[in-house]
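Every chain is named by a letter (A, B, C, D, E and F) in the order it is written, and numbering of its residues begins at 1.
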Amino acid sequence: MTDTVTRPSGRLPAQLRDVRIERGYTRHAEGSVLVSFGETRVLCTASVENRVPGFLRGKGEGWVTAEYGMLPRATNTRNDREAARGKQGGRTLEIQRLIGRTLRACVDRAALGERTITLDCDVLQADGGTRTAAITGAYVALVDAVRLLQKRREITRDPIFGAVAAVSVGVYRGVPVLDLDYAEDSACDTDMNVVMNDGGGFIELQGTAEGHAFRRDELDALLGLAEAGIGELLALQRAALEK
Amino acid sequence: MTDTVTRPSGRLPAQLRDVRIERGYTRHAEGSVLVSFGETRVLCTASVENRVPGFLRGKGEGWVTAEYGMLPRATNTRNDREAARGKQGGRTLEIQRLIGRTLRACVDRAALGERTITLDCDVLQADGGTRTAAITGAYVALVDAVRLLQKRREITRDPIFGAVAAVSVGVYRGVPVLDLDYAEDSACDTDMNVVMNDGGGFIELQGTAEGHAFRRDELDALLGLAEAGIGELLALQRAALEK
Amino acid sequence: MTDTVTRPSGRLPAQLRDVRIERGYTRHAEGSVLVSFGETRVLCTASVENRVPGFLRGKGEGWVTAEYGMLPRATNTRNDREAARGKQGGRTLEIQRLIGRTLRACVDRAALGERTITLDCDVLQADGGTRTAAITGAYVALVDAVRLLQKRREITRDPIFGAVAAVSVGVYRGVPVLDLDYAEDSACDTDMNVVMNDGGGFIELQGTAEGHAFRRDELDALLGLAEAGIGELLALQRAALEK
Amino acid sequence: MTDTVTRPSGRLPAQLRDVRIERGYTRHAEGSVLVSFGETRVLCTASVENRVPGFLRGKGEGWVTAEYGMLPRATNTRNDREAARGKQGGRTLEIQRLIGRTLRACVDRAALGERTITLDCDVLQADGGTRTAAITGAYVALVDAVRLLQKRREITRDPIFGAVAAVSVGVYRGVPVLDLDYAEDSACDTDMNVVMNDGGGFIELQGTAEGHAFRRDELDALLGLAEAGIGELLALQRAALEK
Amino acid sequence: MTDTVTRPSGRLPAQLRDVRIERGYTRHAEGSVLVSFGETRVLCTASVENRVPGFLRGKGEGWVTAEYGMLPRATNTRNDREAARGKQGGRTLEIQRLIGRTLRACVDRAALGERTITLDCDVLQADGGTRTAAITGAYVALVDAVRLLQKRREITRDPIFGAVAAVSVGVYRGVPVLDLDYAEDSACDTDMNVVMNDGGGFIELQGTAEGHAFRRDELDALLGLAEAGIGELLALQRAALEK
Amino acid sequence: MTDTVTRPSGRLPAQLRDVRIERGYTRHAEGSVLVSFGETRVLCTASVENRVPGFLRGKGEGWVTAEYGMLPRATNTRNDREAARGKQGGRTLEIQRLIGRTLRACVDRAALGERTITLDCDVLQADGGTRTAAITGAYVALVDAVRLLQKRREITRDPIFGAVAAVSVGVYRGVPVLDLDYAEDSACDTDMNVVMNDGGGFIELQGTAEGHAFRRDELDALLGLAEAGIGELLALQRAALEK
């Protein structure tokens, strides 16, 4: 494991891409955020509905869930439209389950009341890291939706405790690097998606060795990079929410 | 039939919404246009693939087709995601068939060669008239894709003859008006989508009386409005393509 | 635009095919009509059920809807059975939406009460114009079903106001002609489906230019033909209903 | 087991319904038969295609298969349209597998050559016994299609050996009866569908005890009735084919 | 029809395979039986749920139903997984309808109360006769589930009257034989599945001639074999239930 | 973080359940293993087919993939059968993607040649940890299938390098524990699935905090437990393969 490498983008190993979080991107949703991690752009909307799934009915608790999609030409070559194929692929289901699970980890569902907040994360343009961008942006859309509920006095207690953000890390040409773009991702031996909260706790960890299996010391280095990167992302979320 | 009415938007009966056509909105597609008709925003991408559907194989002709989608929260209340429901609805299929058919009307498929150009029209925000905005924007994306093929010398003859644009017209509180927004559309007795080319010919006409049936004189007035409106849209397309 | 042409069937430009409307074709449905436009034969049944779709429940209003199908060998070459393929195609959905919409245009849904009338239009043999035949026949089946409800004193007020009928028109070898059969339809540059009521109002207008775009004067000529043809169809419906 | 009973239709225990076999009912199919067993009416078309399913490709053999459908209002109350529900039900699949299997039992597939004959059996009106009517009618449609192939000299040897016909039998109020109509079928303890060839052999036997299990002597009586009834049906098929 | 033949397994014509019925094979289900007919092994579980399908709600009656599946590699070559293909095939639906129907034939549904018992029959290893093994094993699982309900005093009257078992018979090289294994089944001209109760009554009879049609005397011989074989199976069920 | 806790099963924190690996459980598959982790029982079969998916055709490489299923009553309450519901759920897809990915990590696909090995992992009985049991058992089935190919001299080089096994770890009542059963899994704040190879490298890491987020020291403790547990599992695999 060395620690110098020339990344395709020219970034340093521990450097995030240019991250932007644009609130109020569309007008109908209770929360609407366009998040960019470099060339990756994901539209995250939060929609509030006054009903809950069957298994929660009558329990006085709310629900937070997510759906994920990619426009057919968000990528370099066109992918089939999932609506036309008639089903969501395994990758899509896996990602939307991840987004929903991680955002529920910062919500007090009793304080939310019998409401569902659906986070739709639609990738307009993809360049690696769409799921981590989606989580990071969806958190901001969720906060905006909850603030609106508070402003309308529909809820009294703030159901959101803590913040969550996500980033990918990987071993690129033997060097641990932060926030992989597509060029790195496809060449990477190992990559890991890390979701953390603002208390420094891990919410989710998903590491996959595509080439050689990763050793414990590599894992430690990757986790260190992720912790630092997520610290920056949490700061960017706070700054966006203060505007 | 009177000729004065206060439109919800304050527009005059024959006035289009503010129309913007933004080329190169995303980076991967051969053509990528964000078209706005007021608050209606549709991302239109043109993707070129070197294959044709089965029924055209070996005939030396190309194909132009379209797919349409709406992000779940493009509208005022959230709609189910078609990919999650497992099928495209009748309205979606109807619109994408319309877009494909009208754009094929300005393409010489032999000059295109054995290629498929797919126009993906995804509504990011809806406020009435998504299908007419989609046709108007998709035409520009199509031209961009074809120009790229010409620039790469993959095709020699220009397969595009003429231009197409589309607009809706309707009878709102007894007055024929141009380019309905959602507030008008839902209150309208009659509405019609008109697609024309730059030779003044009609490509497609779809009129529906939702309340009282429309008389021949109303129809004539609506067609007049549409002809003028489409003239303006064709000029905006040309201007966008000249940038 | 000339006005003489030899149609494949030998008909005059403004001449309908031989149209027959046979009531009581099958025995179980509240209304059952076999309608023939020449060799095109469509079985239209009207089924009454004492329930309404979810969005109307408890509003005291009824619903009228349609489903369309084509037997696999109604056409010259066999088509896949939609039930076996597992979904209805875009064309099918488009047609059944059209039939339902146009028949709702002559029904007072409050007078119908909380009932659904479903019009099943199944093409036994196709030779062009199946959707216009279906609308024309389904209207008669609808009237029969409503009469039965009145006879059984389940409803008191007649929910049907006015009649609707439909015909296709097109430009065949440069000449506007009425009621296209398959041979004409496949050779036609332009064709239009027109639905009108017995007050001379337009319910629906769907024109498509498959070859060259149609000019305003062609459109006017087509509308004139349609108005006359629909007049004849409305008379045939009345005659059938008086038997 | 007594041997007198008043059947709802007034028929004798061993009496078939009025059976009609109408050839050339529609015009496009290579064979097209409307078969009526009393009020049960099934349209059976035979379609010839010059291809075979994957598992037979290149083996020089043909294939005979069937599809079955019921118009939504063929029955007393409306059934959902299978194409709209997105799948064929278990009963439909079971019946169409039965029809295909029994007709293959009288075809020399090598003599047919690499062709598929699809028998579409669509029930226009149902009053019990649709599958037995379908088999009996489909056989005639199949013969017509094969004769056409012979007339066009596309095949030389006759691929059809023997004839097949089918009938239902059941124990109604303790008495074995032939050719159940709907009123009997729904009240029957036991019913059995029998398919035989003109050599007196059994092709298929499907007996189900819905109420009390049937004894061996009842079974024997039912088989006797079926043998006689099928003899009559085979004669009716021959007569229809000689016209 | 001779009466000697060398069966691939060396069995006598009237000899069952080695049949084993193992209760309590898995731990969660109310009844769980691994049934083996030679190398055919089917896991049959009975699951009790306190609800009934919509058509029975509020009638005070219960329901017994079955589902059938085959593990992808239960057979000699791998079959597609039905869950992955997105639908159950016709054969599967046919078999599970048969299993449900025959088991309902020995249940007093009023005595069961508003409960559903679902019999899941999953083939772990197939060597012919999976449906007859499934019926024979599912009966034992059903009895176990009912006994548990009685033990828990959830029901008072025993809803099961009589027993059911099933076996296949066929004509192999001209000789009627009992309980076909895969090698025989694929070479058989005729085979029949027979379901009987312990009163000697026939519940279901499904005979298919795959090669030459079967004569009445062959049918009689097959029924005789089946009656004897089912007698043995009923005894094995009783022995298993007494353990 | 304490280090003593009473586990529901009475096991010590670092103690695996009783693990059994039974080869040759069914007879048709090239490899067939019943793996038990305590009461969790998964049947893993390896099927070899002489074809590869489209994207690999002609590249001289093989493919290893997995499918996962759970019998409806493998669990405490019955789950819907995925084949009957018409699609595999998100959890199923996620697990089968994981199994396939981790097993490909120990296969040299060029040495395998143009073959696909499909690992079907079907859960007969579930008590937590089905995916880790599946991976551990599927590896043994895969080795058996490859050995058979070698024995038949269909391949020359051994395509398997290294071994893989998997285990779950979690924080139960504040204490890191190994190999969670269902009772622990449902009460756990955090759980993680770890897949490693016999070189001590990590193939896959999937950690999820369901209650409180996990700290870095907890993560380290969990990884330590997993490393030891996987060491034992690898030894059990070797022992099973030597029998």
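Heads up, the rule we're going with is that a residue touches a chain if its C-beta (ideal position, glycine included) is under 8 Å from a C-beta of that chain, and two chains touch if they have at least 3 such contacts.
The chain lineup, named per UniProt: A, B, C, D, E, F = Ribonuclease PH.
For clarity, every value in this text was computed on a predicted model and none was experimentally measured.
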Practice problem: Determine the shortest chain-contact distance, in steps, between subunit A (Ribonuclease PH) and subunit D (Ribonuclease PH). | Solution: 3
Quiz item: What are the chains that subunit D (Ribonuclease PH) and subunit E (Ribonuclease PH) both touch?
Solution: none
Practice problem: Could you work out which chain's C-alpha centre is the most distant one from the centre of subunit D (Ribonuclease PH)? | Solution: A
Quiz item: Copies subunit B (Ribonuclease PH) and subunit C (Ribonuclease PH) touch; is their interface built from the same residue numbers (over half shared) or different ones?
Solution: same
Self-check item: Equivalent of D-E within the choices B-C, E-F or A-B, defined by over half of its residue contact pairs recurring
Solution: B-C
Self-check item: Centroid spacing, where centroids are CA-atom means, of subunit B (Ribonuclease PH) and subunit F (Ribonuclease PH) in whole angstrom
Solution: 51
Exercise. Could you grab the centroid distance between subunit C (Ribonuclease PH) and subunit D (Ribonuclease PH)? Build each centroid from C-alpha atoms only and quote it in angstrom.
Key: 33
Self-check item: Separation of mean Cα positions, subunit F (Ribonuclease PH) and subunit A (Ribonuclease PH) [Å, integer]
Solution: 28
Quiz item: Counting only residues that touch at least 2 other chains, which ones in subunit C (Ribonuclease PH) make the list?
Solution: 86-87
Practice problem: Under the touch definition up top, go round the ring from subunit A (Ribonuclease PH) by way of subunit B (Ribonuclease PH) and list the chains. | Solution: A, B, C, D, E, F
Exercise. Using the touch definition up top, name the residues of subunit E (Ribonuclease PH) that touch subunit F (Ribonuclease PH) in the complex.
Key: 26-29, 32, 39, 41, 43, 45, 47, 49, 67, 69, 71-76, 78, 81-84, 86-88, 92, 118, 120, 122, 124-126
Quiz prompt | Residue ranges of subunit A (Ribonuclease PH) in contact with subunit F (Ribonuclease PH) within the complex | solution = 87, 89-91, 93-94, 96-97, 101, 105, 192, 196-197, 199-210, 212-216, 219, 223
